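Below: a set of structures, written as structure tokens.
In what comes next, chain A is part of two complexes: it sits with chain B in the first one and with chain C in the second one.
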Partner chain A sequence: MHAKEPLGTKVLTKPFFFWAAIALIGLFFVGKRFVYGIGAVSNMNDGFPWGIWIAYDVVVGTALACAGYSIALIVYVFNRGEYSPLVRPALMTSMFGYTLAGVSVIFDIGRYWQAYNIFLPWFSNLHSVMFEVALCIGTYILVLWMEFAPAILEKVKAERLKAKLNRVIFVFIALGVLLPTMHQSSLGTMMLMAGHKLSPLWWTAFLPLLFLITAVVIGYAAVIFESLLSSVVFKRPLEMHLLSRISAIIPWLLGFYLLVRIEDVNLRGHLSLAFSGGLKANMFLLENLLLLAALLILAYPNNRRNPRLLFLSSLALLLGGSLYRFNTYIIGFDPGTGWRYFPSVPELFITFGIVAAEVVAYLWFVKRLPVLPRLEGPAKA
Partner chain B sequence: MKLKRRDFLKGALAGGLLCGAAPGVAGAESVRKDLPPKAVGILYDSTLCIGCKVCVHACKQANNMPAEVQGPEPYWDNPLDLSAKTLNVIKRYGFEGGKDAAEGFAFIKRHCMHCIDPACVSACPASALLKNQENGVVSYNKDACIGCRYCQIACPYNIPKFEWDSPFPEIVKCQLCSHLLAKGGISACCASCPTGASLFGPVQKLREEAARRLRMKPGEYYDFPVAAIDSGESQQHRAAAYVQHVYGERELGGTQVLYLAGVAFDKLGLPDLPEDSYVALADGIQYAIYKGMVYPIVVLGGLIYIIKNRQEKKE
Partner chain C sequence: MKEDDFARIRERLNGISRRDFMKFCSLMAASMGLPLAAAPKIAAAVTAPHRPPVIWLSGQACTGCTESLLRPSHPSLEHLILDLISLDYNETLNAGAGHQAEAALQASMEKNTGKFILVIEGAIPLKDGGVYCMVAGRPFSEIVHEAAAKAAAVVAIGSCASWGGVAAAAPNPTGAVGAPEFLKGSTVVTIPGCPPNAYNFLSTVIHFLTFGKLPTLDEKGRPKFAYGRLIHENCERRPHFDAGRFAVAFGDEGHRKGYCLYKLGCKGPMTYANCPAVLFNEVGSGAWPVGTGHPCFGCTEEGVGFHMPLHAQADLKYLTPGAGYPPIVCERGQGASPAAAALVAAAAGAAVGAAAVVARNLGKDGSGSSAEGE
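On to the complex of A and B.
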């Protein structure tokens, strides 16, 4: 068991207030949305019924929140206990990411007051991919909170409750591996239904597989990014010994992904579209070049030991993987009747507000709860 | 112990690969749905339509829909396209420089196609969109709907509309005047059409009627039924030079609304579509992975087993 402890430093710092202010601006527009309707704050329309709230907050956001999933996969399934110091911070970012994705869904759906209808047996549509995604994500949010609960219980010194939870926690850990596998692939299946409205550069029967791989890869990239960034911000030693080893998995996953991705477009005879210019084509190239760049950097063991290159490659992975998902939901989508979509300022601020809320919660949690591993030797704040 | 674990991992890997193998399975499994036994629909013949828009007005009246003012004068209901206020619209196609001659323009009427295998029904997580098992009408239940708008993403014809400006929005679409059908009537657009361009009837009979029109000699006079195919009323018109295709007979597994036109359908906003529905493909993949929840439960059992074992070993 690796010991963890709160950083214990001051919570109410300048960055904290900055992010809290942005979260409040977002909250103002959320209020407006509930009083006047979605159209009052968003540029979504009947041609583009899903905007950035779904494409970014949910589809990209939950992938960025796959850190917990990716780490749980190697620690628990492939039995690499040495990575366990990464588990708790990863779980925490996942918990925030998924919880806020759940919250933004409530902002996005029109008839939120009867959202529970999905789960009423006489209304549930077992054929609906959306039903499967909603059920899985809903359950997974609960599972993440249960997995993270020991950190909170440690803080409030509820030792007996913690011991009880520890006896059954394996069920939650197992669900924590199964559920993301299901819904992250289904997020891809979801856009199969868009059919001819989705550009052939993205529409393929391989959508579920590609979405699953990007979730895992983005998950690892998020672990690396988060660990390096928090080490610098909180002036802690870099966890390079773990990060460079974990990053050795990524080139294999990426290689397989890019092979399927490009060859699939090629076999369906649409690769020439990628070089036809225009927004769709260029976004397709950008998305794959970012991933290719990360692959080329991480393929060399020396690069994996270099914090700067590791950081850059994780950034390229986060951007490239997120772009793939974003493109599938927005850029590659064209209802074909002249509809256009670009998010409005209030719409953007609701998304910014959600990101800001995540940062605020992160700052509070690492400073007050035992999340980051205890440092050997005299700890300096 | 170790061997078992390795076996399990192999199994899990195979399960994961299934996501990749599924497209093949789906292709084999995709089954085309049959027409419901008492399927009713509309045959819209663009060559008979005079663009009077009486059907647009009748639709609004029958369904209590508000007027849609598009110009500076607040008196005219003048919808440019389908919207949350307009369930049925007539649009005019014309190319630049084209004279209003035979080939220069055409009208097109748009509303729900009442697909035989509707994507919206399959997409909706809360069963708010349902296809009637008898007459095949696709209807909407606002008490079930959560407003997720997946139906709008899924509909290949962009039919369902959303009330963006309401704090309590609903999805809005043509329901083939179900309330009139229940009383033995027909849809308001067909009942009001003065030329028989919108013709109501059992889909099977409408298909036969469409086939009859495609066999007509252009320029000669024929009888065309008005309002409903079995109304007994008819008018004489000159047959037009039809595009030799009944739109909606096969598109994505077929629709209960059929189109005939003298101008290529893609010009009228009806896209060129494959015969297999996207629903069948997505369903095939979902079934391959989730049928009876067997794979997920097996994988969960395996995960619980190995994780619990490890925890006990540590203690």
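On to the complex of A and C.
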């Protein structure tokens, strides 16, 4: 195991205050939502009952939080221990991403005080995709916290408890690989129900498969993006030796994904729609061009060793993959007869607040808990 | 029922056609919620050679129940029912009078002990030894007591016989009670209503003749097929209630337009009866109190009719008007507000800028080099 240590630098920096301020604005509107109801802060309506809180915070947010899942796949399933320095930071972002996705579901559901019923087996509706997603994500949040618990236990020096946890942690690691496989594909299944309301550019019986692949790809992209970004922000050496090798997997996954994606639209005879102009068509093109660009960059080994190109390709992946999910849930969705949706300012601020809360928590955790790998020499200035 | 079977009873039916007779049997089956296959059984029962004797006792009553039984405009109904049961005693319809009639009553009770159907109309006064209702020199209570002991089934028709009705209304000077309370311990079918719907009575009697047992009763002895649901549930004005449209004074615009009468004191929401489904007098739709614009006063419901003030508002049992109503035209959502669009653009711009800065710095040397802003 690679040793980890807290960065130990000052927590209350200017960026910390900036993100905390945004989180507080979000919190203000969350308070408004709970006092005056969803209608007071959101533009959601009967035609678009899922707004950005679901499309971004849950559907995109949990994909961005698939870093832990993607790394766990390589380290634990394919048994490549050399990547283990990436595990803990990845797990931590997953933990934040999923926890806040769960929290934003509470903002989004009207009768949130009934939500605990999901976990009561005698109320289970085993035929519901939403039930599967809710239960699976709920369980996975718990699993992520258990997987991350050793870092917290190290910090508080609870060695005996940590030893006990280490004996059973394999159960949580196994669940941590199983659960995302289930619910990430189910997030696609949810839009299967939309049928003709979803544009044929996105609606396909392959939705679950495409959602699963994007989750894994976005997961790797998030690992790369986050590692590069934290190296820049915290002035640490780049982990290029790990990132270049990990990024070699991506072109294969992405190639398979794009093949299925485009050929599926083509075989169903709707590819001409993509060139018909208009928002939907252009979004479809943008989404796939971003992914194609990342594929073309990462296909060459030399590019994978260039930090700037690696960063740009991971960004393209994150944007393209997120756009695919966002398009499936909102842009490509048309409930008919003139329904319109664009998030309101308070609604946006709640989502921004959630992102800000993740950043704030990240800054605090890496500085105070053993998350990032210990550096051999002194950090470069 | 075969043609020759019918020929056997044709004479007793006063010239009614076979077709009309079978229609009557089907109507009876339908009003009790029985399958149509029960109609031939009913036909067989009501045409059986041994007609069940019926003894009809009248106490503190206005005779409205008997009147109502004669009123259904279906042709020949009165012939049918009066000819198909053997009505041995009914003070309104008796051919004889005085001692002759009383002798017929006694003779029928002796002869048909344990076989006849006893129908009680009107309340039974108990105060001062029951002297407030005397028939043939005997208190009515004594006559009922004697007859009930020998009857196969006891039916209390009308609200007075069921629970005292108008006779027992406060201050109840005669100490009037209904038959179930007076005959406590034995089963009494009650057909409350002021007057009750004749079909509810006929259906109950015919059920007994056809199947040899009483229909399912509720805890107040009312047949469930007729008194199982609130008037409110089947009322034709119910959509007005649900939509919040009420008449608030007799003759106001809402009243003229046929709005819900709840605010005028309609007791439909707390009264169990099938009036809106079965109607009265077979003259078509609207032939029932609420249909004519008068609030239901709860005549079939003990503790409501003759008890609550006519225009007091009903207690809603479980159906309450909505606090808000869904709009007919839904708001279809709105596009981007300038502020929201600006906010999204600002966030996207900041992200692009930050990404560009990071990408530029990443290329400079082998490590991250921009400083965390401090």
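Points worth noting:
Everything that follows uses one rule, which is that the second predicted complex is superposed on the first by the 375 of 381 C-alpha atoms of A that agree within 3 Å, B and C clash if a C-alpha of one lies under 4 Å from a C-alpha of the other, contacts with A are read in each partner's own complex, and residues count from 1 in each chain.
Basically, contacts are C-beta pairs under 8 Å (C-beta built on N, C-alpha and C of every residue); 3 or more make two chains touch, one makes a residue touch a chain.
Values in this document were obtained by computation on a predicted structure and should not be read as measured data.
Chain B and chain C, once both complexes are superposed via chain A, clash. In the superposition on chain A, contact of A:302 is made with neither chain B nor chain C. In the superposition on chain A, A:115 contacts chain B only, with no contact to chain C.
By the document's definition of touching, of the two partners only chain C reaches A:352; chain B does not. Once chain A of one complex is fitted onto chain A of the other, the partner contacts of A:47 extend to both chain B and chain C.
Ranking chain B and chain C by residues of chain A touched puts B first. After overlaying the two complexes on the shared chain, residue contacts for A:341 are found with chain C alone; chain B is out of touch. By the touch criterion defined above, A:312 reaches chain C but does not reach chain B.
Of the two partner chains placed by superposition, only chain C is touched by A:233; chain B is not.
In the superposed model, A:205 makes contact with chain B only, not with chain C. Shared interface residues of chain A (contacting chain B in one complex, chain C in the other): 44-47, 337. Of all residues in chain A, only 34-40, 42, 44-47, 49-50, 76-77, 79, 108-112, 114-115, 117-118, 122-125, 127-132, 134, 170-171, 173-175, 177-178, 181-182, 185-186, 189-197, 205-206, 208-209, 212, 260, 333, 335-337 touch chain B in the complex they form. Chain contact summary for the complex, chain B toward chain A: residues 9, 12, 16, 19-20, 22-23, 26, 81-84, 119, 122-128, 142-150, 152-154, 156, 158, 161-170, 252, 269, 271, 273, 278-279, 281-283, 285-286, 289-290, 296, 299-300, 303-304, 306-308, 310-311.
Those residues of chain C lying in contact with chain A across their complex are 330-337, 339-341, 343-344, 347, 355, 358-363, 366-374.
Chain A makes touch with chain C in their complex at residues 10, 13-15, 43-48, 228-238, 240, 306-308, 311-312, 315, 337-345, 348-349, 352, 380.
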